[in-house]
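One chain, subunit A, links the two complexes that follow: it is found with subunit B in the first and with subunit C in the second.
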Partner chain A sequence: MRIRLRNSWLAVLLAASTSAIAADVTLLNVSYDPTRELYRDVNAAFAAQWKQQSGDTLTIRQSHGGSGKQARSVIDGLQADVVTLALSYDIDGLHENGNLVPADWQKRLPDNSAPYTSTIVFLVRKGNPKQLKDWNDLVRDGVGVITPNPKTSGGARWNYLAAWAYARRTLGSDDAARDFVTKLYRNVPVLDTGARGATTTFVERGQGDVLLAWENEALLAVREIGKDRFEIVVPSLSILAEPPVSVVDKVVDKRGTRAVAESYLRFLYTPQGQELAAKHHYRPRDRSVAEKYAADFPALTLVTVDEAFGGWHRAHQTHFADGASFDRIYVPGR
Partner chain B sequence: MKRGVARPPALRDPWWLALPLILVALAFAALFLLLPLVAVFGYAFEKGWDVFVTAIGDPDAREAIRLTVQVAAISVPANLVFGIAAAWLVTRFEFRGKGLLVSLIDLPFAVSPVIAGLVYVLLFGLHGWLGEWLAERDIHVIFALPGIVLATVFVTFPIVARELIPLMQAQGDEEEQAARTLGASGFTMFWRVTLPKIGWGLLYGVILCNARAMGEFGAVSVVSGHIRGLTNTMPLHVEILYNEYQSTAAFAVAALLALLALVTLVLKHAIGWRIARTTSDESSTEARP
Partner chain C sequence: MRIFRRQALPGFGLTLGLVLSYLTLIVLLPLAALVLKSASIGPHEFWAAATSPRALAAYRVTFGSAALAGLVNLVFGTLLAWVLVRYRFPGRGFIDALVDLPFALPTAVAGITLTALYAGNGPLGRWIEAAGYKVAYTPNGIVVALVFVSLPFIVRSVQPVLESLEADVEEAAATLGAGRLTILAKVILPALWPAILAGFALAFARSIGEYGSVIFIAGNMPMVSEIAPLLIVAKLDQRDYAGAAAIAVVILAVSFAVLLAINLVQLWLVRRRSAKAVR
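Up next, the complex of A and B:
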């Protein structure tokens, strides 16, 4: 296997130097967990297009895992040509450790280098028996809210910040928001360590009345597990998640794959790429594609972490660091 | 305990003690061992033979199976050679630091597999001790086959040696000494005398080692990089499929792994029985269980 790989790299180098000869090219896309189905389709579509354009046979390999863990692997030497992760914070890490990407990586592609977006919605049991319509319904007595631990789960931080942003917008101050979020976490019977664990708690073990989840994960769960058991409720306000993409400069320059890697990422912004994103439950950036899929993605007010919380570093310091807001809000067993 | 010899009544356990204990043991085995095994095969064939075959025939699954076999094919012989050498050294020679060596051999049993994987990341990762040097020469260790083999060798390191050391200690070295005095070379002695003596124990160790090598998850997960169709072994592939809501496919691959475990178990028993018979034929030494 090593030998085959080495050969294909040689072929890539040859193609780079003589470029007239058709060659076998491989790319490695290191991504986070919920994008598996999306990139399976994107890879097939782009490989076909690239074959037409250049004559080269392109194989795109995928690696999936928790976003932070995947970034760590790339820092440790996983030869990713492109990274497509959950948080810009993780790609910043590639710059800070080993200068794998330049500091201004996020300015290289449109829309903060995030070709698609997602948000946090509610997954409730069929028929919505507790009539949960918006965030203020979640703090009522007797409502069980399932969300993972923001100390350990990236997804849970989005949930927390979305609730906070809603409360501050409707109640007017950070103090009121703190009270609101405190009440909400009193309704959480169990804090799982990760998003998938929380989904299992809600879906398989039947705990709680509402699961706070990624829109794309919630849509996927409904499709895979059954429309007759769950439905999605979109709150009036939520948070805008922008999962960013980037080429890994150090790797593509060494392997001579910069051209194909950059075209691959730009493909995500084309109407075809945007269609695929929408089909896999990510909100497309492209206006016309977004209109076409408007029924899947109800309109709601979306705030970004940058506007509402002054960026991820600030949000982390204020809310999730040891002794910060969350530690004061959540006292287990209360 | 010798078979076929009834114990005097005073030494027998009373039935009211024996019966509940036997029932508890059986219930435990059924609940925690048999039931999960049945469940794995049940889920695997839930949607029929065709779905099972499709799941196993998927290119990524086939590649995972191929990689798993390849990793075992490299790491098991490596540990076979090491195991014999280590057992030979420990049982035939007296030297300083022998206790330390024996403890070192056991180290992989003691540390968590995750640590086993991380150690290699620290050594061979881009920011590890040898990372720069390897990167300059375009040699890839972790997130590639060599790393997976290293992690597997580490985890399965003690198994063969641990099987051989007690066996060789029990057997002693009189035959080897006789062979040497009759003029046999070192190699002849090893090939004609030692190897036949330890043969069954060796095979037993190799089978256990192989089962663990194919089934290892933790250490391999850390160094694999999870590239589909390239660095995913069977256990990693099972996890991926399960997380993608492809339960049937996940259990199909899991069933294949479980099948390996069953084959291992049968072989292990057959060999254990063989060892017990040969050693009780030769001497009165206590047989291995």
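Up next, the complex of A and C:
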């Protein structure tokens, strides 16, 4: 009895002393669908480093979902300290709705605030039975293409724009590109709402002949599910996907977490952070890390949304807004 | 003519007041907010959002498959209730408990499971597709998912009425020389119709709002297998709150009209029956 009493006093004392020296800090990182595994590792590594640096115990919670949906949650009041989303259009939305970040948020960190990049590749079944080598093979009759709905999935917008960019370059005009993309979507039997859902439809349900996927998702699928079932086909041209990151100013200023949130994002640019990104199949920005992992990331022609589509706002208006080019695939003449 | 009777709860005024405030808070306030949101755009934009070809197609898919699923359950749910009430057999309690499972299961789990079953490489889908049909990723899949989630409503509406239906009425009919079909048509079904209709209305309403299970199995092709709730979610993702509210208001209005119509029919059935009984 006495021993137990003494122990509990000790515990109280211990708890009091640690809380006096070091604080418990929490951060919420609101991210998009396929970054779960990446940020699990990044969070552990950064929390350890932060503990050493400041003595504070840092807990980073992460939330994942479709990029647009996640942005909407933050706009509607989810207290995210940082957002790490699929496209800058969604973070722009945080500025336009409620001024949660400043207009020039993307200039605050190097490389358009995108510490890692990715691109869109094809995942096909083993042996590539339909011989799909490049985008023009996807519009052939009898080819099933699996890609999510660009209205609800950030990843699917990259897919759509990659196909469009390829078609415009090889066929020469936006009109021809429209026909090409329309034909491509005629080959899509299922429109999932998110990237993970599309991967499941292709991998588990056996639908379609090719999955348009983030390079990191495709590499993950091949590594996890096995090289004997799937292989990756890299098209001649694709899009440079730059998933951006930002602190949410309104939230960090209210919660007093700006310093730790900013170092968290800068950590992504350090060699250690870049190494983790590469390990999780994101293309690192850092030259030396990129060289080390060069075998994983084949070279191909990459176009950016800025140079090919005049930025995300123009791209959204022309392609994804109500009645824009994507809608006209299904409801012509509107 | 007013009848005064002692009630267990005191005060008509007090209870009615409580009920009205409760309903206002829980039901009317959110609905009013929804209508208000949809009114934040002009009537032209509202009309355009609510009646675009894609929205019209989505209403067709949503209301059509909800009605179809309700009809399927109207037949099989009633039969299930009949078997559960009228027969005693081993495992009856187990089956009775099974009926409520679709209530308890998260609908996303139901959707994923059904898709795995009915996809072309699934244990059921393999045979169905070999026979030349497709369920998963077509409008048929939507009906399958809705039949699953709305089954309990009809069974649980019909069951208590059937239990209180005395078998001696049927026996009396039999002694008067009525055959099985006559007894079913003239004795049993008239007593059950109000409950069956109430169950159908609940199942139908549930199906209209169903999202979680359907999106996995539907294929979600615009104009073909895109349900109205998905269109709402897509609009929300585009941060088009007013457009989403416009579609929601249309669904709300149609649902309300359908439920009201079913309730009126039900009332008429009950009245007609009691009038006959008096005669």
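To be clear about the criterion, the second predicted complex is superposed on the first by the 307 of 334 C-alpha atoms of A that agree within 3 Å, B and C clash if a C-alpha of one lies under 4 Å from a C-alpha of the other, contacts with A are read in each partner's own complex, and residues count from 1 in each chain.
By our rule, a residue touches a chain if its C-beta (ideal position, glycine included) is under 8 Å from a C-beta of that chain, and two chains touch if they have at least 3 such contacts.
Quick caveat: nothing in here was measured; it's all calculated off a predicted structure.
By the document's definition of touching, both partners, subunit B and subunit C, reach A:N97. Once the two complexes are laid over each other on the shared chain, residue contacts for A:I75 go to subunit B and to subunit C alike. With both structures placed on the common chain, the touch criterion links A:G66 to subunit C but leaves subunit B unconnected. Once the two complexes are overlaid on the shared chain, A:V190 sits against subunit C while remaining clear of subunit B.
In the superposition on chain A, no contact is made by A:E242 with either subunit B or subunit C. Within the superposed three-chain model, A:D56 lies out of touch with both subunit B and subunit C [touch as defined at top]. In the superposition on chain A, A:G206 makes contact with subunit C only, not with subunit B. Shared interface residues of subunit A, touching subunit B in one complex and subunit C in the other, are 75, 97. Put simply, subunit B touches subunit A in their complex at residues 67, 70, 121, 124-128, 131, 135, 140, 142-146, 225-230, 240, 243-245. The touching residues of subunit C, when paired with subunit A in their complex, are 49, 52-54, 115-116, 119-122, 136-137, 215-216, 219-223, 230, 233-234, 236-240, 243.
Only residues 66, 68-69, 72, 75, 93, 97, 149, 151-152, 188-193, 197, 204-207, 320-322, 327, 330-331, 334 of subunit A touch subunit C when the two sit together in their complex.
Contact residues of subunit A toward subunit B in the complex are 1-2, 5, 28, 33, 36-37, 61-65, 73, 75-79, 97-98, 196, 220, 224-225.
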